[in-house]
Amino acid sequence: MSKKYRMIHDENLCIGCQACSVACRSENDVPDDIFRLQVRVETKGTFPNLKMDMRRQSCVMCEDAPCVEVCPTKASFQTNDGVVHIDESTCVSCKYCIVACPYNARFMNPVTKAVDKCTFCYSNRVKKGLDPACVTVCPTDALVFGDISDTSSEVYKKANENNLLYPKAHLGTKPKVAFVPNKRGVSYE
Amino acid sequence: MSSNYTRRDFLKVTSCSTAIAGISCMTGTLGSLGAQTISGSTKFVKSYCEMCTSRCQIEGKVVDGKSVFIQGNQYSKGMGTSVCARGAAGHSQLYDPQRLVKPLIRVGKRGEGKWKEATYEEALNLIAKKMMNIKEEYGPQAVLFSAKTGEHFSHLSTFSKAFESPNLFSHHSHCPIAYKVAFKHTYGTGLKRDFSKSKYILNFGHNLFEGINVSSTKKLAKAAASEKTKLVVLEPRFSIVAAKADEWHSVKPGTDLAFVLSLMHVWLRDGKYDKEFVQRYTVGIEHLIESTKTTTPQWQEKITGIKADVAERVANELYKAAPNCIIDWGHKTTTGQSEYQRTRAILIANALMGNIEKEGGLFFKKKAKTCNKLAGIDIAPTITNPDKHFQTPKTLRVDRASQKGSDNAFIARNQGVLMDIPKAILNKDPYEVKGWFMIRTNPLITVADPKTMKEAMNKLDFIVVTDIYMSETALMADVVLPEATYLERDEGIMDKSSSKPTYMIRNKIVDPINNTLAGHEIFRTLAKKMGIDKDYKWDNILQYRVQQAKGNDKLLKELMSKGYVSYSIPTLYYREEKYIKDFVNKYPNAKKYLDEDGLMGSMLDNLKTPSGKIEIFSQQVEEEFKGYGVPRDDNNMDVTRGYPYILTSGKSAIHTNGHTHNVPYLHMLMSDNPVWINPQTAKKENLKNGDKIYLENDIGKEKGTVFITEGIRPDTFFVYMGFGRESSDLKRANGVGTNQSKLLPLIKGPVCSTMVTNVGVKITKA
Amino acid sequence: MNNMWGSTAQYEVISWPWPIAVYLFLAGLSAGSIIIALLVKWNRHEKDSSSIWDAMVKAGAIISPLTICVGLLLLIVDLGKPLSFYWLLISYNFTSVMTLGVIALFIYTPLAFVFMGLIFEDTIKENKLLSIFSPIISYIKSFEVYAKRIEYVLFGLALIVGAYTGFLLSANMTYPLWNSPVLPILFLASGISAGIAGNILVGMLFFKSSINKESIKYLLILDLRVILLEIPLLIILFVGMLYAGGNAEVAAIQALTVGKWASIFWFGVIGFGLISPLLIAFTALRNHAYKIGFILINSMIVLAGVILLRFYVVYAGQLFTGA
């Protein structure tokens, strides 16, 4: 029975501290000045009516992934549990997937020269029963990860208790990363 | 030998003392190393972080002797596996090729940056010789000792006492001294905050979401996101904590005192405060009623810019939520001249709400000694200070701290006031100072007016700096000693008790690169070389640990493997019936501490204050500083000093003070601190985003880059601190950003002698 | 909040830079030139080798395979891992336009060479160096009975190649300027106009032929027709984006008004590449002045316009996402 992985980013708990970004870098040997993950902190409004949104910028593991669809060599492929992987050996770095990704999640790795992105720490952590590095270190527990078909999982509970939004849902990519939108602050934009 | 352990323990320990410093070698029951081996080449070691002074408990994953991943230590429930960006970047600092790993001895002019490499033996011999020479010719007081507080400070403190110099300085005066002194005067000791259960938190710039302490940050984040807690934040800029608040009010920098006084005015005017609590546990309410007679919400509006009805409403909402409310003094906020009064006012405001030892309010630390006493049995072991017999020299300090009649009268002898050092050196007042020994500190970035500080340093004969990078201060040294980073050293046990007795320990995660020494090894070796170590009862950190633990090897073993040990007791609030019932059920002996009303109020009857009560009015302060005995408007809330704009600074989640800016992972995230300027101000001053500017006042002139944002008041500027570096060996950070210390005057806030960090400036285009 | 999440350079990189734009042009030119060559061959079979039509067939036969080869080489070199390019030929993903393109090109390219071989049969046999290929040509000639069918296949593949360059871009939902069904048609039309211009240019310069007024008039009108088709396509592209709202609307406005790319569009693509040939053609037709010079200049202008269109779409598409 394949797992239905979901990651939830609670923008109310998220403080934009980038611990997730550093942990990801550590765990996955991400090259300098390149990022698999960033959290963008956007201040909106006019003084003093302001709000601050925390937006996670990373691969959202689409169910109907454009990157998988366009890869000419199937180097970008999906396993049964819906996780999108990159096979470095068959990747020719044509960058079609980078161009096709509406979430700007992919990039060319200057060291391997293949295309790279967040992998949910699949082979190095999730397969060993651990959470992805970002989820593990988040200081405010703003990230939750797990199998949503497991009703005892944190991810299920969080999805139950909150209104989840999916980034660019209108594109029909069916992302696996959802967010709980920011409730605080005032902005009349 | 005045310790409690047996001769057998002593023999066990001394048999190990021949071990080389830095390698843990234990016999018998202390045999298991702190490392828990998983596979042949992977191990997990528990320790605590030093990327900032929150000192969160961490677990380091070590693969083939290399530190590869750092996360929180799960044994600490408050941490879980969490760690912040700086903590997670620990090994980026550890393996940074730009780190200092060899002792350096100056060969060129001071500050020139010309060095010759030396061995520790050479460097330490030179230091020992020079320091003893100064001691002989000018007396031990001619050498200053300074460090940021923490374990290395304890060791430096011991060393300075062995040297017999009274001039020991912590970083308190440019950091938490205001609330430390205010607490001492009001409650006798510090108090902890129970964010999780609080219904209303009024936060004065306590930015736990950028100045992160994982355990507290997590609790506040969850409270702020919850509908059960209302968070109101007063802060000049729209910081991250302001962004998470239910209400954010942009208070004019330096004026927080006015707001607090207006709250107290409303409460006292309407009788909306815990009269019983005030009656039983405090002294001096009459003085406060007097001093807040005219501090109305309307009055404060003119000073802070916050509408009168907001003050009125917040006062009422707080009272309604009391006692499950917190008025949070933060860390240091206005750090203007009125910081002492502001903090005192906040501490007293809490007392008025009667939230002491109440759920969702404030509480005293429940250390082992107290818990054991209440329970009548030894729930938790206690630890001791193996160096407590070292005497603090009672001779005159250069800053006259603890001297009656001086403006540092209430500053403890082991804290001191850093801002008074330059003038003491330059004016040779009260005597000549010839040397300065530093560790874990960088005053040329973190203390006001580095130009004057440098001038003073140039007058010294001998400066030793122990650091992990060639900092600006290290550049001024005669000898630079590299220290092993926190990941490379074993250190002692720290009492981390909060609501339960808790201890943590620092365990070495990897072997020191290039055999760098830990601070305690440096001091111990120096003390030996200088022949001043007769009072030391330990030769290495292992013995130190054993003595701290009073020979309790069960405690030590647990600490070495888990890094963090907490003794589970039912949470106890002295004034909460429900909690007391649970505690007494488990420990019937505690019954004898109950009052007639079934509560443990008596625990608050004898505080460490002169009157034994919570001092709303402090007689001792009034005597030394007339008018400061009770919170009142001290006419000192204007920080502009005649300039059009106020420059404020603060912490970021990515960097720590002056410490981390060259660390690769962190530099990659944030490499610059542009000046936050409101669009209206930018328009007025004809500035565009990215423009180069100068900030200027009578103290100095500093460069900056414009960042236009709505998140700051029109009359204020903001920069994240720690940038504007001037050390070419900090290759990444050098030359980038604004060092706001260059614009700060070497003045002190009265009573608590806090450094002033909100200052008036003018802005010009470059 | 000032940047504390690190460099955003990787998000601002142009993933498909000039080599892609040049490739799109070359593929379009290759397809267009063979389409025109085949059309001319089928409709105007004059054996007179000095006529302009024969020159155009010859031009198409040589432009088509050479430009596609240069284009493919450019693509391989532009790959991040050029030495792994063979994976494109081994591993296929039929949902990917790129794979479909690879397959189409796999057949198209050799066929284009075959066509070239057949058209230049005599030249090859006579030339000392190229006569090595004579046996191959003869072998292929033995399938002469299938010639017409092969030409139809080549024609079909050329249409696919001409259009697929547009589908390559339009299959992306990230860039509003690309994400339009108009793009493949626009690129095909543009490719055909490049084919006409290219064939004329090369034909007249290298396969010396005499040309009469009738031919020139016909060519000018042909070119006119294709250009007149491109203009409505461009209008539909941008109007569609404006009415789509959201990101697409913002992107359209930015692409038409911001910076050097807007200038390249209005002056280069529209002004230079579409309006000037129109003016030249109209002027020539009205004044009945059919100078050879006009034709040559016209052809060069048209080709420049086609390159500029590719560059514009590739760059402006990636720069102006309307985010």
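Points worth noting:
Letters are used for the chains, namely A, B and C, taken in the order the chains are written, and counting of residues starts over at 1 for each.
Please note the rule applied: a residue touches a chain if its C-beta (ideal position, glycine included) is under 8 Å from a C-beta of that chain, and two chains touch if they have at least 3 such contacts.
A quick note: this is a predicted structure, and the numbers were derived from the prediction, not measured.
For the pairs B-C and A-C, the count of C-beta pairs in contact is higher at A-C.
Chain centres here are means of the Cα atoms, and by that rule the chain farthest away from subunit B is C.
Relative to the centroid of every protein C-alpha atom shown, the closest chain centre, again from C-alpha atoms, is found for A.
Chain geometry summary: the mean Cα position of subunit A and that of subunit B are 36 Å apart. The centroid of the Cα atoms in subunit B and the matching centroid in subunit C are 68 Å apart.
Spacing of subunit A relative to subunit C, judged by their CA centroids, is 39 angstrom. Listed for subunit C are residues 1, 4-7, each touching two or more other chains. Taken residue by residue, subunit A touches two or more other chains at 16, 18, 21, 33, 41, 43, 52, whereas all remaining positions touch fewer. With touch defined as above, residues shared between interfaces to two or more other chains in subunit B number as follows: 653-654, 668-669, 709, 711. On the subunit B side of its complex with subunit A, the touching residues are 68-72, 80-85, 87-89, 91-92, 209-210, 212, 214, 217-218, 221-222, 224-225, 238, 240, 243-246, 248-250, 653-654, 664-666, 668-669, 678, 709-714.
Partner subunit A is touched in their complex by these residues of subunit C: 1, 4-11, 13, 15-16, 75, 79-82, 84-85, 87-88, 90-93, 95-99, 102, 168, 171-175, 318. Against subunit B, the residues of subunit C that register as touching in their complex are 1-7. The touching residues of subunit A, counted against subunit C in their complex, run 16, 18, 21, 33-35, 38-43, 52, 57, 66, 68-75, 89-96, 98-102, 104, 107-108, 113-115, 171. Within the complex formed with subunit C, the subunit B residues making contact are 652-654, 668-670, 672-674, 676, 707, 709, 711, 720.
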